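Next up is a structure, given as structure tokens.
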Amino acid sequence: MSVSFRGGIHPRYAKELASDAAIEHLPPPDRAIVHLSQHIGAPATAVVKKKQEVKKGDVVGEAAGFVSVPVHAPISGKVTDVGLYPHPFGSMQEAVVIESDGKDQWTDLPPKAQPDSLSGEEIKDRIRNAGIVGLGGAAFPTHVKLSPPPAKHIDTVLLNAAECEPYLTADDRLMREEPRRVVSGFQALQKVLGAANAVICIEENKPEAIGAIEKAVSKAKGVRVATLHVKYPQGGEKQLIDAVLSREVPTGGLPMDCGVVVQNVATCAAVDDAVRFGKPLISRVTTVTGEGVANPVNVVGRMGTPVQTFIDAAGGFQGTPGRVILGGPMMGGAIHKTDIPVIKSTGGVLVLTPEQLPSGDFESCIRCGRCVRACPIHLCPNEMGNYAEVEMWEELEGLDVNDCIECGCCAYSCPANRPLVQLFRYAKLWIRQNQARAKTAESKDEK
Amino acid sequence: MSLLVPILVLSGLGAAMGVGLAVAAKFLSVAEDPRVEALVDILPGANCGACGYPGCSGYAKGLVAGEDVTLCSPGGNATVKDIAAILGVEAVTVVEKVALVKCAGGRNVAPDRSLYVGPQTCRAAVLVGFGNKECRWGCIGLGDCAEVCEDDAVEFTADGLAYVVADACIACARCVKACPRDLIEMVPKDRKVHVLCSSHDPGKITKNVCQVGCIACKLCSRRDGKSFVIEDNNATVLYGEGSRDVPTAALICTPGAVWDANMYDQVTWLTDPEARVHLKEQQAEFKAAERAERAAKKKKAAEAKKAKEAAADKAEAEPAVGKPEKTEEAPDQEPEKGAE
Amino acid sequence: MAADEKDTSSGADKGADKAADKGADKAADKSADKAAGKAADKAAAEPTTEPAEAAETVPPILTVASSPHVRSGESTARIMWTVFACLLPASAWSVYIFGMNAAIVLATCTGGAVVFEALVQYFTKDRTMVQDGSAALTGLLLGLTMPPAASVVICLIGAFVAVVVAKAIFGGLGHNPFNPALTARVFLLIAFPGAMTKWPVPLQTLAEKPVSLYGQATTWYSSFAANKTLEPAAAKTGTAMSALADKVDVITAATPLAVAKEHWQKGTGEVLHYSDYFVGNMPGSLGEVSVVVLLLGAAFLLIKGYITWHIPVSFILGVVVMAGMTHLASPTRYMDPIFHLVTGGIIIGAFFMATDYVTSPTYPLGMIIFGLGCGLLTMIIRLWAGFPEGVSFAILIMNAVTPIIERYTRPKKYGLKPWAEPEASK
Amino acid sequence: MELLILAINAILVGNLVLAKFLGICPFLGVSKKISTALGMTMAVAFVMVLASTVTWLIHVGLLKPFGIGYLRTIAFILVIASLVQLTEMAIQKFSPSLYEALGIFLPLITTNCAILGVAVMNVDESRSFLPMLVYSFAASLGFGLALLLFAGIRERLETAAIPSAFKGAAAALVVAGILSLAFMGFTGLV
């Protein structure tokens, strides 16, 4: 019995490319470019200087505020530069460059501990100090999610193991190979939140993972496994909550506004490392896959490793690569060059061949309604797209363009190949800027 | 009689209606400022929005309500005068402006890092990984500015760089708002020396991504601090009071980010590689001349000193003679020096 | 390209069997592939040419674009050509029934539409989009609404109105507020009322085959004895129709709906057997004659998801309800619902015209309102207004209402469901 | 029943705009947005009923008794012009936003053939008071229906890539033409 939501699409999943490749460990890079902005919120502030020696796990950037996390050295060695470096999102961001000394030595870590012996606050501290963020892609600091305002009672915590993005298999492999680690981390989160219910939500197309997890939770109390219908974007926070709990996150709100906190598989594994061993988040499982690489793999790589290293680990490019995407094909971002370093949220490196890529040409909307049926938020992408094209912002706002989660279902299903997501992104940006402009104008008037 | 009745009926009706209307006009009238109409007449009627109002009539209403009289840039000084006359306020002279794209980095000098696929507008392109140009500040060249320009004043070089034809520009400033990279600035029409770079990256990075980008070496601001200022790794020309067209600015800027319209017209400057070569030569000559001048000064000072001391040793003056010979080597040295 | 399309369509009409279907399908696929291939070439060309000169260490130039990076592979062209293909059985049947004249009408309308579209795009310097098939589809739909004996000139005028006036003026595919084919048909109907209501008698009836229909044909003809071309006397005697056919060019008759309007409402005339209506052995416009073959194509579209059930079902529901009520109220004056369904253009209208994406509402509720409106208006016009057939008018009027329907039937977005914290947890 | 048929006739079959081609000016002018179209419809309904009533009264009470029915055009124009003037003043005073929205088109109702047409038709058909009221109101409803449909289509056309030669009134007129064709389907309904 699987559950689902209304809307969504059935893309080609292509999970078989990498799902049978067991997780391997990449050797530590010779040179790591560690970005200080690897999460949503204020970038960390650098606390190391040029020529300073650091050990693996040392803090190189401290959290700048509550919605921020520290950044740690992924390798031991010498800091050679603190400056602007290309960021996966395309701009230049401040980063700490560490030249490896080849020893890969851990710094002094906090003492090992059992989650049961720690209080909720202690667990939360360990999570924050370990620099853990949501590893599903958004990279929202985890401790913030674990600190709901007192007025909001969290009764359910969900483990988002849907992994609905096509191609990606990192979470699947992690659950198959280390189910105990995932479940243990999840239970630690449940303890922090004091949630009565805990549900692990897995899509039906991962039977091995379901089996492994079910075995691991057989002894755990209050944790159940829910199987989900295979559909994109089943792993979207809002869709997951709708499917499993039949609740809706209120417009403009967060899952905690309906009593839910959602965490990702990789996050839980990282939480387990942090809680039990005090290890900071310096590496993660990443799927390197796609028709454009010779030999798709799942690897554990350090943050700050260049993307090219990951591609080489998968046997290099196969033929001419068309596009390299960090993340999945539906929501991942294309990168310009492969020499940029990976960050905490890089759960996949996807290489597509030129033949696979859609053309950039598009036609007029023929109002076929496919996007309307596909939209998991039940918006009207057809009308929104038309208005966005001629920049009629008021109408767009009236159609709730700000509710769009940019899942890409509309653009995927559009027969006219319209770049709907891109149009909506621009519309949202414009509306936000306009509001800011209006605000400054208002404050000016008041003066 | 047969004629009288219709006449009576009609005039009776007319009179009744007239009285009704007169009464209504008394009780229902709404006052409107006659100046608004007069203002609408003298405004250019381009409805460009440069003043911040949706159209000329909007600005006219705003003016009556006490808005600044100098906001109409298409109209220029003449319109300001007219407005002032109607409103009975003192006329202010405004500086006539023109839009300027502050980037000289076409693909020939500032390459792309990848191939962008998608809607061919700048605003859409920058959403994909901050644009596919290596320089994250430079002109993308997909023409959002040209799209909003109703006077076709924006043109493009073969290497995808937008520039504004000053003669065609009416200074409506629509392009300023349209550029997602904020590259366009309204500058005084009579100014000739501009910095065509908006990069705020450190010189080290800028140099890697663009051959003509400002590296914030401060040579210009050191020469004239009132006309140039280095802000956030970028040289900015000050167009306000007390500033001037520094005639030597183009000759001292090592990467060639300063454009002097007295030396090269816009199209030549942006498209002709010869112009750059020529500039390098000019710069070398200028540098040599300056050096010679400095040396001469030094020599003079030294001579004066010496004269004072009335010493006999004159061998020291020798190097001054040797310096002009270095002129030909100078171009090679230029970039090296600038990089430091 | 334009010439290509023309050949495909007219060839298909002549062939008029499954082979033609495949041909059109292939053409559609080919053009879609070509477009995709071109884009891929463009993308591929850059990375390969540039680094070839440079050293091997230079990384290939990647392309970047906004997510999503994969698409469903569906294209406008494929949709249009599929619908086109689904109409081919009906076209073939009409040729079978009405003879070569029907083929000429269909070919002229389709070809004319394609040529006009190509011309428009040539003159507007627009990207050539003839290959997307929308013009061909419009042309074929128009052809199917034409009477079999329509002249070539009228067909071309219709194609011009459909493609240029009803579509190109509004910016081409996707922007036209009214169904182009129906706009053209209504235009022709009002501009050339005579030519547009001349309905030749099916060939089969004339040629005495299939034999089973022959007996009824005579009685049938007697019911419109007032007809102009056919001599009443000849009709009454029941002479072999084939013999008659030699003497006159075309034998025209009224459509069952017109007959119903003229005679049956007054209690005169006789009713043809429903099976004839169902297979299309009756006078009428090319596409409205056979319910069976139309339903065949429509079923394919429904199964493939190219159209949804909302509009056709509610359209038919509207017709049935209206016809049923009037029939129950006065069975002698008003025909029963089945008669109304199988005669006239209701089936082609409900499945192929009203479901036109561009001019019908997009949201389920809106579609149902739209369909019901079409059904009711059709019946109002059929029963009480001057025209015997109301489908075209009804759909056009509902096209006009579409923007307003759409405005008020948008789906309820996610995130409005209130959530109350369970009491126990507090 | 008679009144109902009269109303249907006025709204659908003999639609002022789409069948009688009266009142095209406001039809094209004030149909860019559904909201202004509604405002215009209300203004027209108000003026139409008012003008028809008054002109009918004048005709029956003044012109007919004196036997000067031939003067009705002049008399009607006089009365309608003044009435609209009054309406305009009232709207400007009490609802500036509506006034702004209707703009130049309010005065245009003054000389609008639709108003005069309805007034004259009422007199020509020698309608008695109640049918006159019903007809005037239904006619304005028909006008409103056409205006509303038209506004809906034009709102949608805002996003359409109309060739520059046909932008604005040209495309709108084509829409009006097709709409009129479609409404011809109602011919003979009553």
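First chain written, first letter: the chains are A, B, C and D, and each begins at residue 1.
Note that in this section contacts are C-beta pairs under 8 Å (C-beta built on N, C-alpha and C of every residue); 3 or more make two chains touch, one makes a residue touch a chain.
Treat the numbers as computed from the prediction; the structure is a model and nothing was measured.
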item	value
Neighbouring chains common to chain C and chain D, by label	A, B
Pair of chains joined by more contacts [C-beta pairs], B-C or A-D	B-C
Inter-chain centre distance, chain A versus chain D - centres from mean C-alpha coordinates, in Å	60
For chain B paired with chain C, centre-to-centre distance based on mean C-alpha positions, whole Å	58
Interchain centroid distance [CA atoms averaged], chain B/chain D, Å	53
Geometric centre distance via CA averages, chain B-chain A, whole Å	43
Multi-partner residues of chain D (each touching 2 or more other chains)	159, 161
Two or more partner chains touched - positions in chain A	333-337, 357, 359-360, 364, 419, 422, 425
Multi-partner residues of chain C (each touching 2 or more other chains)	43, 47, 62-66, 171-172, 174-175
Chain contact graph, described as a line, ring, star, complete graph or other shape	complete
Chain C to chain D touching residues, read off their complex	124, 165-166, 168-172, 174-175, 177-178, 183, 186-187, 190, 377, 380-381, 384-387, 390, 392-394, 396-397, 399-404, 407
Complex contact set, residues of chain B against chain D	5-6, 9-10, 13-14, 17-18, 20-21, 24-25, 28-30
Sites on chain C touched by chain A in the complex	35-36, 38-40, 42-44, 47-48, 59-60, 62-72, 74-76, 78-79, 129, 132, 134, 171-175, 308, 357-358, 360, 362-363, 406, 410-419, 421-422, 425-426
Footprint of chain B on chain D - complex, ascending	58, 62-63, 66, 68, 71, 74-75, 78-79, 81-82, 85-86, 89-90, 92-93, 96
Complex interface listing, chain C residues touching chain B	43, 46-47, 61-66
